[in-house]
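In what follows, chain A forms one complex with chain B and a second complex with chain C.
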Partner chain A sequence: MDVLREIWDFMSTAILRGGMYSLMAVGLALVFGVMNIANFAHGEFYMLGAYFGYFILTATNKLGLPQFVPPILCILGAGLGVAVVAGVIERTSFRALRKRSKGQWLMNTFLLTLGISVILQNGARLVWGGKYRGVTRMWKGDALNSLLNFGLPPDRLVAFLIAVLCIGGFVLFLNKTSTGRAIRAVSQDEVGASLVGVNLGFIHTLVFSLSGLLAGIAGASLLSVTPASAFMGTMPLYKSWFVLILVGMGSIGGSIVGGLILGILEAFATTYLSQFLGSGSQDFICLAVIITILLIKPNGIFGKAVKSAVE
Partner chain B sequence: MLRVEKLDVAYGHLQILRQVDMHIKNGEIVAILGANGAGKTTLLKSVMGLLPPKAGKVYYRGKDVTGTPTFELARQGISFVPEERNIFQAMSVEENLLLGAYYNKDKAKIAQNLKKVYDMFPRLAERRKQLSGTMSGGERQMLAIGRGLMNEPHLIILDEPSMGLSPTNVLVVFETIKTLTSQEVTIAIVEQNVHATLNVASRAYVMEHGAVVMEGTSEELSGNDYVKRMYLGQSIETENETEA
Partner chain C sequence: MTGKVASPKMPVSVEAAAQLGEGGLRRLVGKFGFSPLGLLVVLLALPFLLTMNDQYWIKTLTTAIMYGTLAMAFDLTSGYIGIVNFGFAAFMGLGAYVTGCLCWHLGWEPWQGLFPAIFAAAVLGLLLGLLTIRLGGIFAACMTWFVAMAMMSVTSNWVSMTRGATGLTIPLLFESAENFPYLLTMIVICLISYLFLSLLVRSKAGLAFQAIGQDQEAAAISGINANYYKILNFTISCAFAGFIGWFYAHYVGVLTPPVLHTRVTVEIMVISYIGGRGSLWGGLLAALIIIPSMEQVKSIQALSNLMELRLLLYGLLMILVMIYYPGGISELVKSILKKTGLGKWSAAS
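Let's turn to the complex of A and B:
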């Protein structure tokens, strides 16, 4: 029985975490694949999502709405809020840079995202102070409580379901709508896309907003697991980059699988190795795997030699 | 339909086009001929907003469109089929064609145009699910032209449509161009295949070193000694010798 219990715990932790990593990584991969930007401010979108979610949740909790309404508003509002912030950032910084010069694009945008990250972190610190803002429990209800008997934390489970919904919806959007098709077109051939009438500027802003939307939703969904604080974005950023390096840059399908692989690696490290390696074992294992991947297969396990398109 | 006035284009300090004047009337097929490096592609790219001109104007349907972004021109009914094709390689043939009608919201119209393109190029219909990056050069060229036709353009600009194609496919391309004229599409075509081009075109321009050196109807140019010698490969040396 104990072994079964252990395997169950292991798998549930792995998958519940992995779903969130996938959600973060998909946004990062999208921006890299379409705009060729290595976004190091992606973690700050997660952070803003958590803050926005916290304020919306505490405000709507006072209104006496049905139990499940405030968390839904919280997650939707946080996602949309971050999408707007990301859109404004794209218009004011990346578009301006694109107009001036496309030389050294990857390096310049990388530096730009680092600057944006510093500004957002310290701006959040300035506005909201050093206090951690979190909630103990987001989703309440008897049905959810029974989940605890299976060792499943309800908030994490719901967050995982949200991640699955978002990723599923996002993949459908990319493949089935004409705007989604245009996004993939831009990632494959910018000139070809403008020749059929796709406004590149609009697609770039949209893509950056969408990646902000996904990160914001991730931040708000995990509010009870990681409370909002100004520098909370670093870990999810690194995790998303782990995933991208693991599977290859710019591949959406790969990022989804990669998130789950990362979840499994971490769960493995915490369950079986922390007794030998201490509490840092999960980072140790992840970094060891990343270094190995970079040495053996620098394009990632699903990567191709050529920059792959968003697929 | 299209008028180019005194267009100057440069890459950095290297001037490619000098004072190019050109016009295309409604329903015409106009050919632009010239050797490699004469500036034909540069001319098309700057008309299409892909290269900013240094000086000069481009008018489309009577309106000054100099400096208008490429996607706007596409939406106003200019289809440019570039030499590089610029198809979306990781997408299926059908998705490529649907993107050709990207800003058209009329579903029935899109389906109708899709059928038209498939009728024109049955080869594409056979391969509608295939990734376009895995197709042969000829098929890609058909796809690029088909994509350019998906939104019922007023003006279609073809850059080297027969380049890299097998003789059979070249024939298909020129047949297509002929059928297009019956559909009241205006066509500008850049070609190395001068003989076939003059056969379908109504008028032609000859470019050399970034300037238009000659213009006239196809009959005039096919009869011109200079064009015959330089582009049609007909030897008229004997006459020259007697003169000398």
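Let's turn to the complex of A and C:
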């Protein structure tokens, strides 16, 4: 029984974590694939999502709504709020840069997102201070409590389900709607897409907002696991970039799988390797894997050639 | 900038005299990697720096010049071959920790740690360069970042070697409590670095760097081994980070893991970009302007604890420069010089 229990714990940790990594990585891959922006402010969208979620949750909890309404409001509100912020950022900065930039677009946007990240992090710290803002439980209810007997933390499980829902909805949106088709067209060929009447400016803003939406949802739904704080975004950003390099940049399907792979890797590192390597074992194994990948298959596990490998 | 266009405003006789001595002077000065005007500025600034006796300002200037030198080394990769070393602070921290550990565990003298510090940073740079540079800039940026994060985790967790968050105590470079010797050392390091880097970018290798930075495919077609030069560039830049890390360790005296933090990289990067890409001296000038003014902001009582505000200003400045004035301070200075007719003196031969 112990072995089974161990395997069960291992797999549940891996998959529950992996779902969230996928959710983060998908947004990053989308922005990289469509706009060719290496977004290093993606973690800050996660951070904003957590803050927005926290404020909405504490505000709505006081209203005496049914038990499951405040968390839903919190996650939806956080996602939408971050999407708006992301849209505003795209309109004010990337659009201006696009008009002026003459070359080295990828590197310029990389630096621009770094600047945005610094501003958002320190702005959040200025406005909300150094206090950690989290909740102990988001989703309450007897049905959820019984999950604990199986070693499944309810909040993580629900967050995983939300991730699956969001990713599923997002993939449907990309493949079945005309806007989704327009997004894919832009990612394949900007000039071609604009020739057939796709509004490039709108698509760019939409894509950036969408990635913000996904990151914001991720931040809000993990509120009970990682409390909101100004510098919390670095870790999710690091993980999402790890996934992107692992599976090949800009591949959306790949990053879904990549998130799960990362979840498994991390669960493996914490369960089996930390006794040898100490608390740095996750970093160690991630680095070892990424170096191997770069040596053997530099375009990632599922990689096609990278869009702008020359730069 | 060609520098050959004489300003029409200049009186004829002055111009003739200038042209007479121009070639020889510029060649002579250019051998040391300076433009005539640049050398003049340095010579004018030196007595001012060397007669300073306010301890606060000496410290601030040492820090400013240190950041400026780091920004120059950073600019060698970012400004010339368009690759961002997003783990730059970790290379500096590696140099610092190498000399620190040698002094702590083996009882070495500070100066003995100099070569190992440079060597360690250069070797790590070489390995990362070999691994990532052929894949393109974003891979190098991510990879150096990953390695920096891993190194920070190692320095925090490998307590028996680095003493973790307690801090590694390191013998200081000088026994006296005066700050002035450090300023002097830093100025010397800065001048050596500038000399080396500016001669490098004017050499054949430097031409290759510029060609690669402008158009890698065209450079490759004209027979430049792009990967070789990019890795060379990257390694040299990292070696200088190790060099300055060595100074930092023996200047501050205590090392803690946050030295390697991405925040430090961002500060260096912002200074380098505000200074202007591909100018080397721009970063130094930017550091000399930004760091003392940030210190002033810090000294305002109401804002004393607001490290965040300072970083926020950095971020904002960087975005504004990136979008609206990508040439940075060096471009601004060049255009002013051009307008006043001093342009040709600001270009080295």
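Keep this in mind: the second predicted complex is superposed on the first by the 305 of 311 C-alpha atoms of A that agree within 3 Å, B and C clash if a C-alpha of one lies under 4 Å from a C-alpha of the other, contacts with A are read in each partner's own complex, and residues count from 1 in each chain.
Convention: a contact is a pair of C-beta atoms (placed from the backbone, for glycine too) under 8 Å apart; a residue touches a chain by one contact, two chains touch by 3 or more.
This structure is a prediction, so every number in the text was calculated from the model and none was measured.
Q: For A:115, using the defined touch cut-off, is the partner it touches chain B, chain C, both, or neither? Pick first, second, both or neither.
A: So A:115 only meets chain C here.
Q: Examine A:197 and indicate which partner it touches, taking first as chain B and second as chain C; both and neither are also allowed.
A: first
Q: Which partner reaches more residues of chain A, chain B or chain C?
A: Counting residues of chain A touched by each partner, the higher count goes to C.
Q: Which holds for A:38: it touches chain B only (first), chain C only (second), both, or neither?
A: Second partner only.
Q: Per the contact definition in the header, classify A:93: touching chain B only (first), chain C only (second), both, or neither.
A: In the superposed model, A:93 contacts chain C only, not chain B.
Q: Mind working out whether A:184 is in touch with chain B, chain C, both or neither, as first, second, both or neither?
A: In the superposed model, A:184 contacts chain B only, not chain C.
Q: Taking the superposition on A as described, I'd like to know which of chain B and chain C A:136 touches: first, second, both or neither.
A: In the superposed model, A:136 contacts neither chain B nor chain C.
Q: On chain A, what residues does chain B touch that chain C touches as well?
A: Residues common to the chain A contacts of chain C and of chain B are 308-309, 311, listed in rising order.
Q: Under the touch definition given earlier, write down the residues of chain C that touch chain A in their complex.
A: My answer: residues 78, 82-84, 131-132, 134-139, 141-143, 145-147, 149-150, 153-154, 156-158, 216-217, 262, 266, 269-270, 273, 306, 308-309, 311-312, 314-316, 318-319, 322-324, 326.
Q: Considering the complex alone, what residue numbers of chain A touch chain C?
A: Chain A residues touching chain C: 38, 93, 96-97, 100, 104, 106-108, 110-112, 114-119, 121-123, 125-126, 230, 234, 238, 241-242, 245, 249, 278-280, 283-284, 286-287, 290-291, 294-295, 298, 306, 308-311.
Q: Can you list the residues on chain B that touch chain A in the complex?
A: 48, 50, 69-71, 74-75, 79-80, 82, 84-91, 95, 98-103, 147-148, 150-151
Q: In the complex formed with chain B, which residues of chain A make contact?
A: Counting only chain A, the residues touching chain B are 178, 181-182, 184-185, 188-189, 191-200, 308-309, 311.
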